[in-house]
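Two complexes come next, and they have one chain in common, chain A, joined by chain B in the first and chain C in the second.
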Partner chain A sequence: MKKQKKQTTLRTRDALSGLAFLSPWLIGLLVFTLIPIGYSLVMSISRVKFTVNGMELTILGAQWFEEIFTKDANFLPALLDTVEFIAFSTPMILVASVILALLLNKVTKGRGFFRALFFFPVVVISGPVMSKLIGNDATMLIQANDYGVYQIIGNLPGVIATPLQYIFDNVVLILWYSGVQILIILAGLQKINKPIYEAASIDGASGWQIFWKITFPHLKPMILLSGIYTVVDLAGMPSNALAKLVKNNLTRLDAPYSYSAAISWLYSLVELVLLGITFLLLKERKEKHDD
Partner chain B sequence: MAKYKGITVNPAKFHRSQIKFYIILLPMIVLALLPLIYIISTAFKPIEELFIYPPAFFVKNPTMANFRKLFGAAENTAFPMSLYLFNSIIVTVAVVFLGCLISLMAAYALSKRKFKGRKTIFKANQLALMFVGSMLGIPRYLVINALGLTDTFWVNVIPLLIMPTGVFLIKQFIDDVPDSLIEAARIDGAGEFRILTRVVFPVIKPAMATVAILFFQSAWNSVEASNMYINTEGYKTFAYYMNVLSSAGNGVAGRGMAAAASLIVVVPNIVLFVIMQSRVMDTMARSGIK
Partner chain C sequence: MTKKFSVKGLTNDGKWGQRLTKLAIYVLLLDFGFVYIYPIMYMILVSLMPTSDLINPTIQWVPTYLDFENFKQVFSTLEYPVTFTNTVILAGVASILQTLSCALAGYGLAKFRVPLKKLWIGMLILVFVIPTSLTLVPQYVLFNSYGMVGTELSIWLPAAMGQGVKSSLFVLIFMQGFQYPKAYDEAAQIDGAGPVRTFFRISIPMVVPTIILSLLLSFVWYWNETSRSGLYLDGKINTLPLQLEKFDKLFGAAYPASQGSSLNRLNERIQMAATLLTVGPLMILYLLLQRKFVEGVEASGITGE
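Right after this comes the complex of A and B.
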């Protein structure tokens, strides 16, 4: 009896302290994010009117959504553009961050310097600066078509050439968006126990085998985390075709806010699907190797 | 034994076999730095060079004209630049410190405390993570207005404290902290807050450093609050001020001023990062949770 009582108090204490820790952030999340998100859902199904007393909402139903799919000529191209951008860039950023993290993990001289330089873009990229750079096409500055590489790629079959060309076109952008991911994966690399590598190399495993059988499975959770971060990061870029569409429609005269809200919700759904795919591709399989 | 050197994952010493890695890394670094070099170069370009198409990468006759124009425009504003700078420093320090603390506490609770609704709350965080930022502007404005925060200094700080990405990242790292470590600290009589600051925090320092930098970014570069919620000129921030100044000159000529303004805004980021980097990156390297 006594024991049971103690257990409940422990559990309550656990819950209470948890809630106490959580509350400042939870209140903030509710007030500044969740309530606005909910509000935008209401706006997406209503007609918004501005009166002297402020905003007036009349519930319409799915009218805006219908309009998006049936009348809006910009929506589908923008959607495809955005999805293509995310679908192409995410795997490349992930591969680049894994490779760079592996390399960074192997150098000793100037290790800090090298790591800092790759994280540097994250520090430099900031709303105003980045938008100006992208506006000036600075990221495309290296005119890849001047180089022999380009001609070689041009001769390859389309299936291989298109993604390769994309990589060369966006190499700077990829490097710029890999900073946080590199750090996450580096942290993952540090956690792998050395004895496993030693055992593998004593058993005669090659570097390639070691990567796929030991490093990669251990890194998978970190790669998943980076994948989610990347998708969210890219989808949140204000330079996205869809994000631009949302912005351009904000002040549409016959449907202020509401039309944009509807697009935003569709955008979030698409992002959810993309995240779901990322998760399915990168999640840990059930058969776990024993550590 | 020498044979195994090639595959050591965290080598302690420099070895000739590492040279090949440097050879791959160096060009990558140059690529990663190109846009920054471009913006520096643009900031120092005289007006004739700004008109060249396609834009030349390097400046030929560097000049301070863009900066002079920018500061010339600054003299015509009602408040001195130092006021905006001071505002930004306060805002940034407050956001980084409070934001990290709030996120750490929340992530710890979500990861290690068991209570009802924990999973739902985490899902809500993910929803917030995904939602298009530009759409939230208007509803958020209404909420801030209803709370009476409009046109106060703290509206610069408060909305920025909630960063779903931060909580998400920190939580994933705390998930890896063994329960036994926390349990041990508790048995030794440490209170919850002490466990958080003395046990959990040191172990997840790399994640915290990353999140701190993200908070710094969002605060230092924030123009949203100054644009939307604040009317009193004296409460506005440095990034906003620079944005306004650089938009004074438009078109091609404005590009040089914009680059100059961007450079001024980004310099503190760089300085802070260089100071922090050795500590941040070093803890990064050593914080293996075994």
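Right after this comes the complex of A and C.
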């Protein structure tokens, strides 16, 4: 009896110490995240008025959401633009990260140098810097008119041409946004046991087979992690069409704060859907898993 | 005899094949490396070119002579000394606060039987995932009602409470870092150390690489952050990226194009000089400390589970 009591007090003390360490974060979570999220939901269904006593909210219902879908000419294009940007870029960033990590994993001399080079953009990327670089052609590695390749691509059917053209136009951006992902995947590669590869090559597997049968399945969790990181990273860019729309409507005269709160809610939902799709596409299939 | 010969031949072939693959890999790496470095090279070279080189189609890379006039103009347009100091203070303090709060939270989650632990980890991921724009306006309203808009507090407070730029990521890597064997802590506790003392004497020294990584990444991410600081600082405190964002307007005001000389025309070399002055300090920081960045990422377990 006495022993049990002592154990419970020890447990409570343990929990209390933990909560003490966690408390700044917990308070922050409440004050700076959860309450603001709730508040923005309330704002998105309200009319905001500024009075001498501060802000006044009157609940309206879904009026702003209705307006966004029926009257706002900017919303759908911005939404499509953002979704297209994320849906196009994410797979390309992931493929580039896997390729670069595979290359890095194959060399010993100079690996540190290339790794540092590939991580470098993470340190300098910011909205204004990117828009200055893009705006002044610093990212136009391939001048459209200089290369015959471009014309050849232009003549291909749209299904093939569009992604190819996208790669050519955005090669720098794709690589610049891969910095963290390359390191994640490289670490995954280094965790794969060497003997598995040796066994496979003794059994006569080709490099191609080894990649798809051994390397890729082992990398899948890392690719999923990178995919989620990429979607969050891209969706969080202030240069997104949707993010810009939120910003531009912030002080709309007839609907200050509330209209942009409604857009940012839709923005978050879209991002969650994209994350859900990423997760479904990249998660490990349970039935095939046997280790 | 023949057998031996063929075997030897085979290994030779293998060696050559291997060398060729290696060579191909290095060629590919260099190609990719070139793409990575291209915008930076472009930025530096164009910023150093005299205006006549920009319009001269025969000049692609190498400036005919170096011209620093644009740097003088950009330096004064950005109000560089003041802006630079602002940025360093804003990002530096935020980075220290964020590292501290995230280390504490990570420690609490890693070491103790905290009630509802799964929920808190779920919340960490939620905070990481939601777009900043969702909390931007309500936070602004909050800061406004406490008179914190236009002060650094609006950036520092969320950082001090684990809700700053990518805070969740740092909480998670600290959590990972603090998962060393319990025996170390128990030894300290037997010797009479309480949880606070164990934290500072045993646990903190265990995660030094993570601390350095958190400080560095927080610093550069706060340096580069513009959506929160653009709104909360309300133009009263300017950081380098914020000045760069409105650079065209600032430059137009400082050097009106209508007043004569061609020096006042806003062209690529001026834009690139402004960009270079904005990211230059970060580039130097990275050149000096790139090992700490990259190895920190690997050691910290961002890359793990």
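One rule holds for everything that comes next: the second predicted complex is superposed on the first by the 250 of 291 C-alpha atoms of A that agree within 3 Å, B and C clash if a C-alpha of one lies under 4 Å from a C-alpha of the other, contacts with A are read in each partner's own complex, and residues count from 1 in each chain.
Going forward, contacts are C-beta pairs under 8 Å (C-beta built on N, C-alpha and C of every residue); 3 or more make two chains touch, one makes a residue touch a chain.
Quick caveat, the model's predicted, so the values are computed rather than measured.
Chemist: After lining both complexes up on chain A, report clash or fit for chain B versus chain C.
Modeler: Overlaying the two structures gives a clash between chain B and chain C.
Chemist: Looking at A:172 after the superposition, I want to know if it touches chain B, chain C, both of them or none. Which is it: first, second, both, neither?
Modeler: Touch status of A:172: both partners.
Chemist: Check whether A:29 is in contact with chain B, with chain C, with both or with neither, and answer first, second, both or neither.
Modeler: After superposition on chain A, A:29 lies in contact with both partners, chain B and chain C.
Chemist: Quick check on the superposed pair: does A:281 touch chain B, chain C, both, or neither? Answer first, second, both or neither.
Modeler: A:281: touches no partner chain.
Chemist: According to the stated criteria, A:76 is in contact with first (chain B), second (chain C), both, or neither; which is it?
Modeler: A:76 sits against neither chain B nor chain C.
Chemist: Quick one: is A:40 in contact with chain B, with chain C, with both, or with neither? Answer first, second, both or neither.
Modeler: The answer is both, since A:40 touches chain B and chain C.
Chemist: Which partner chains sit in contact with A:192 here, chain B, chain C, both or neither? Use first/second/both/neither.
Modeler: After superposition on chain A, A:192 lies in contact with chain B alone.
Chemist: Looking at A:62, would you say it contacts chain B, chain C, both, or neither? Reply first, second, both or neither.
Modeler: neither
Chemist: Looking at chain A, which of its residues have contacts with both chain B and chain C?
Modeler: 11, 14-15, 17-19, 21-22, 24-26, 28-29, 31-33, 35-37, 39-40, 43, 55, 100, 103-104, 106-107, 112, 114-129, 132-133, 136, 138-139, 141, 171-172, 175-176, 180, 183-184, 186-187, 221, 228, 232, 235-236, 238, 242-243, 246-247, 250, 257, 260-261, 264, 267-268, 271-272, 275.
Chemist: Using the touch rule from the top, collect the residues of chain A that touch chain C in their complex.
Modeler: 11, 14-15, 17-22, 24-29, 31-33, 35-37, 39-40, 43, 54-55, 100, 103-104, 106-107, 110, 112, 114-129, 131-133, 135-139, 141, 171-172, 175-176, 180, 183-184, 186-188, 221-222, 228, 232, 235-236, 238, 242-243, 246-247, 250, 257, 260-261, 264-265, 267-268, 271-272, 275
Chemist: Which stretch or stretches of chain B touch chain A in the complex?
Modeler: Going through chain B, the ones touching chain A are 3-4, 6-15, 18, 21-22, 24-25, 28-29, 31-36, 38-39, 42, 55, 57, 102-103, 105-106, 108-110, 112-116, 118, 121, 124-125, 127-140, 142-144, 147, 158-159, 161-162, 164-165, 167-169, 172-173, 176, 192, 196, 206-207, 210, 213-214, 217, 220-223, 239, 242-243, 255, 258-259, 261-262, 265-266, 269-270, 273-274, 277-278, 281-282, 284-290.
Chemist: Chain B touches which residues of chain A in the complex?
Modeler: Going through chain A, the ones touching chain B are 11, 14-15, 17-19, 21-22, 24-26, 28-29, 31-37, 39-40, 43, 55, 100, 103-109, 111-112, 114-129, 132-133, 136, 138-139, 141-142, 171-172, 175-176, 180, 183-184, 186-187, 189-194, 197-198, 201-202, 207, 210, 215, 221, 225, 228-229, 232-233, 235-236, 238, 242-243, 246-247, 250, 257, 260-261, 264, 267-268, 271-272, 275.
Chemist: For the complex, give me every residue of chain C touching chain A.
Modeler: 21-22, 25-26, 28-29, 32-33, 35-39, 42-43, 46, 101-102, 104-105, 107-109, 111-115, 120, 123, 127-139, 141-142, 145, 157-158, 160-163, 171, 195, 199, 220, 223-227, 241-242, 244-245, 247, 268, 271-272, 274-275, 278-279, 282-283, 285-286, 290-291, 293-294, 297-298, 302-305
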